[in-house]
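Following: one structure in structure tokens, then a few remarks.
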Amino acid sequence: MIERWVQQASSFAGDVDGLVLLVTVLVGFWFIAAEIMFFWLIFRFRKREGVATQYLSGKEKHVKNWVNIPHYLVLVCDVFIIIAAVQVWVKIKQTLPPADATIRVVGQQWAWTFTQPGPDGLLDTADDIRTSDDLHVEVDKTYHFKLEATDVLHSFSVPVFRLKQDSVPGRTITGWFKPTKAGDFDIQCAEICGIGHGIMAARLHVETAEQHQEWMAQNSPIAEAEAAVSDSTTSE
Amino acid sequence: MSAKPIATTRSAMDIPTGRLAVWWLLVSEIVIFGGLLVAYILNRQAHSAEWSAQAAVTDWRIGAFNTFVLLTSSLSAVMAHQAAEKGDGKKAARLLYLTCLGGLVFLIVKSFEWTTEISHGYTIMSHTFWSYYYTLAGLHAFHVIAGMLVMLWVAGTASRNQELHRVENVGIYWHFVDIVWIFLFPLLYIAK
Amino acid sequence: MSEHAHGHHRNYLRIYFILLGLLVVSIVGPMAEIRIVTLITAFGVAIVKAYMVAKNFMHLDVEKPIIQWLLGIGLVLMLILFGGLAPDVMKDKGHRWEKDARFHQSTDPGHHDGAAGHGEKSDHGTSGSGH
Amino acid sequence: MAHHTHAADHGAAHGAHHDQPWFIKYFWSTDHKMIAFQYLWTGMLMGLVGAFTAYVFRMQLAFPGQPVPGWGVVSPGEYNSLITTHGSIMVFWVAMPVLIAAFGNFLIPLMCGVDDMVFPRLNRLSYQIFLLSAIIIVATLFVDGGAFGGAWTAYPPLSADARFSLTPAGSTMWVIAVALEFVAFLMGGINFIVTAMNSRAPGMKALDVPIVVWTIVIASLLFMASVGPLFAGAVMLLFDQTLGTGFYNPGKGGDPILWQHLFWFFGHPEVYVVLLPAMGIVAEIMAVFARKKLFGYKTILYTIIATAVLSFFVWAHHQFIAGIDPRMANVFTVTTLLISIPIAEMCFLYIATLYGGSIRLATPMLWALSFIATFLLGGVTGIFLGASGADVYFHDTYFVVAHFHYTFFPIAIIGTFAGFTFWFPKMFGRMLDERLGKIHFWGTIIPFNFIFIPLFFTGAAGDHRRIYNYMNFPDQATPELQALRITATVALLVMLAFQAVFFFNIFKTFRSGKKAEKNPWDSNTLEWTADSPPPHGNWAELPTVSRGPYEYGVPGRAKDYWPQNEKA
């Protein structure tokens, strides 16, 4: 369904799409069945001269079941949907698979800041790479994110990942994703955050291992500092 | 237009219309105060040590005195109702004035209390505890004032022996305001 | 309204003095500074007092059951509200989230943007949050 | 006996009424019918304001950056103000006043067979407070900084601090207007509930009360029971804005999530507050125009009550991804899907009512039937959002927008037109033009589907709400999606154009419409036994009730209807 418009680029995108398909089939059936019944009844019992209406209270057995049985079937469908929905939810939001790397995502009016560990693999060290409105991640690696906001609510939404999480000032919210497809995609802010809400876009770059290594090497603050030092020494 | 509509005089539920309306009013008041109290208790639990330090500043003696005042005014309100039932509008009115006096004492004490606290720097902005403190007590005080105004009006008609059923209705409202304070007292003054 | 003649034989003065007695209990109890005693004497007694006022002064005991139901529903709704909010509002740390301690240090909203703990990240500017 | 003398008084009062100055007659009246009209016309006028805002921001979305005729270029701040004002007005100043206050005021006394509301002066005051709130919310569009732009949900800290929202006056006025509106509806609600409980005609038992009275009363009750915490929350928000308190400010130890809970604890029942009266109106119309007893009156009543009760347990499904405890989300998924059961049951019962009928497709019936047909789609798409796992994707996309417009449009617009065209003869004593009515119906219902069906698709394709220009997002700036956005906007323009037919129809009918008889649709309920329009006091002699409201096609009777007041 959704993959018709938006690619699946995370390990759980397929689960969400599968759930959406299940819901579509079940509620689609009921919707179409009810509409057909509805329009057929309007046509069948249109006003005709000399035909009297039937006096029914709804308690008569032969008509009552036409409502009762569908009613129980709706309950059964609900149970299926609940089970499927909770399974997907637990996978995305409740469980936290072990991380290959942890990044920090900070929303503020009106930009996204991403901090990721440098070569040492640890956050909050000198070799952290900080980017604004561009997130570079490596395909097939599990990332944890620490989501924060500095001013108002924002929402970290990555449609291709089927991932969305509000960021709340004063709280750090942890979540995860695992990109499965290389490419450049949109990151949006999905919670109104002031006049710049409509421009609070960022770009997600899912890269292969080599590309990512190369990007890391180019952007590492320590490498840059060393390069600067070596530049100045060679020029002397 | 001055004539009462027949609607007001009917009683299909067997509860007088005015009293039924007061009960509904109280249902809506329960959820207003309830929402605020729930928010207060949740926040208090979330920051118990920090808030206790702030709550220590409130003076339980003032709270206790005001509780005493409101309980006493509730007594006179219910005695006014008793008098009204006996058809003694004059006595009911006198007791209602007495109840109003209780409300007035409550408000005077409260304004002294707040003046002291504000002059010591504990304003509505200084800490979330104080924000809740002033909002809760202020909303309650607002209800006290509203109750007094209605009561003065009811006492006016009751003293002419008219609309005596209103004495009970305003009394029910006043008791509710009293009950709210019964909970505010331990929440704001006692639990440190 | 004359049928509403209950309460004639209630001794309001006696109830009033019981309420005053309970008031004293609710003040003296917490002075022991034992948590459980405070809870019982302050809040338990408050519930008893509220119940007595409702029963005797508001005549709720002889009111039609529908009124008792209505008020009860209002109270139950507040319990539901409490239950729904508690996992988020009442805690410092929950499943997959925790409150950011750095936010508590700043009391002046004026330097909230930077001083709220993200000073080290403020290098990319506030992107025109022109206030 | 007392009834007669009272009624005579009223007759005299009615005579005197014609000499009243127009201000007293139209603005200071305590008559429930006049107050109903005040609410009705104010609500419809506010509907035009809401429609105008929708027109402006839809134009901006279809043709970003182009000047919009009648407004000019839409800045990002203005865009936020427009969507916020649209949402707030449509819910609080259109759906509520028309569906609950206007129809409640008009119908409850007439259907219960009594002369007025129990507290006529409180009723008048409630409208005046409501009018004040309406003036304030419209005024926000003209103040410095513009109208509040933090969405109708007003999540803090954005709404709590002018440094973030940049609308210092607008956001404060918004909170005040909403709070006043709540006060007005609390007053009105007490009036409705007590009138329906206490002032029913002699002989009218609880199960003889027409469904629409039940739904309006239960809606008022739902409103009253859910709005309290938000009212307290609104006061707190006002203090945060004006005094600088920190109830919702994490920097001062407050909690922004608290507001979301208080808001949705009210906000979800609020959906049913407006849904139920519309469902009631539809039930009345379907019974009359299918000439059928409602299929399972009692079961409908139980489903209404079940919906009302369950609606208090589902609120956090609006906050699945807001940072609440993810385990709580599972609880709310279960309750949310459970609420589909009484709603589905109610729809089934309505459809079953058609069985064995003799259906006349007059304009009111067309509206009522289209309510069911479209509301079904709004209902089933809610399942996608209630299922937590799918909501992770759909939350705050246009799918949500399309979903709730497929519920709110049937409720607020179709429900209003259904009730308006049905009771118009009783309200104003003239018959609306059927041909114009049908043109207006088709001219509204067809474009409506063309507005919101495309939005389901843009939402599924990842369009988020409240974005003033999708060209800023590379993945969303495709010609395919833009074509859908333009389709929606064009359909909106067509639909708005057809509303002229509606107003022309009213204008024409007031000038030269056919005079209405007492009971033009051959219905059973009590309001049709009064004159059209009913005089002050409604009846010279108040009716008594002998049977339920839906005795149509009773075997062995010459007429196919049996008014409630007719003696056996």
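As written, the chain order gives the labels A, B, C and D, with residue 1 at the start of each chain.
In this section, a residue touches a chain if its C-beta (ideal position, glycine included) is under 8 Å from a C-beta of that chain, and two chains touch if they have at least 3 such contacts.
Nothing here was measured: the structure is a model prediction, and the numbers come from that model.
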Chain-chain pair with the highest tally of contacting C-beta pairs: A-D
Cα-centroid distance, chain A relative to chain B, in whole angstrom: 49
Distance from chain D to chain B - Cα centre to Cα centre, in angstrom: 34
Distance between chain centroids, defined by C-alpha means - chain C, chain D (Å): 33
Residue list for chain C, restricted to those that touch at least two other chains: 73-74, 77, 81, 85, 89, 95-97, 99-100, 103, 112, 116, 129
For chain A, residues that touch 2 or more chains besides their own: 93-94, 109, 151, 168-171, 173, 194, 196
Residues within chain B bordering two or more other chains: 13, 15, 20, 24, 27, 30-31, 34-35, 38-39, 42-43, 46
Chains touching one another, given as label pairs in label order: A-C, A-D, B-C, B-D, C-D
Touch list for chain D against partner chain C, complex: 161-164, 166, 225-226, 229, 244, 246, 249-253, 255, 257-258, 261, 265, 312-313, 315-316, 323-328
Residue numbers on chain C that touch chain B, as the complex places them: 1, 4-5, 7-8, 12-13, 16, 19-20, 23, 26-27, 30, 38, 42-43, 45-46, 49-50, 53-54, 56-58, 63-64, 66-67, 70-71, 73-75, 77-78, 81-82, 85-86, 89-92
Complex contacts: residues of chain A adjacent to chain C: 93-94, 96, 106, 108-111, 113, 115, 130, 132, 148, 150-151, 168-175, 194, 196
Residues of chain C defined as touching chain A within the complex: 95-100, 103, 112-113, 116, 118, 121, 123-124, 126-129
Contact set on chain A toward chain D in their complex: 1-2, 5-6, 15-16, 19-20, 23-24, 26-28, 30-31, 34-35, 37-39, 41-42, 45-48, 51-59, 63-64, 66-67, 70-71, 74-75, 78, 81-82, 84-94, 109, 151-153, 155, 157, 159-160, 162-171, 173, 184-186, 188-199, 201, 203
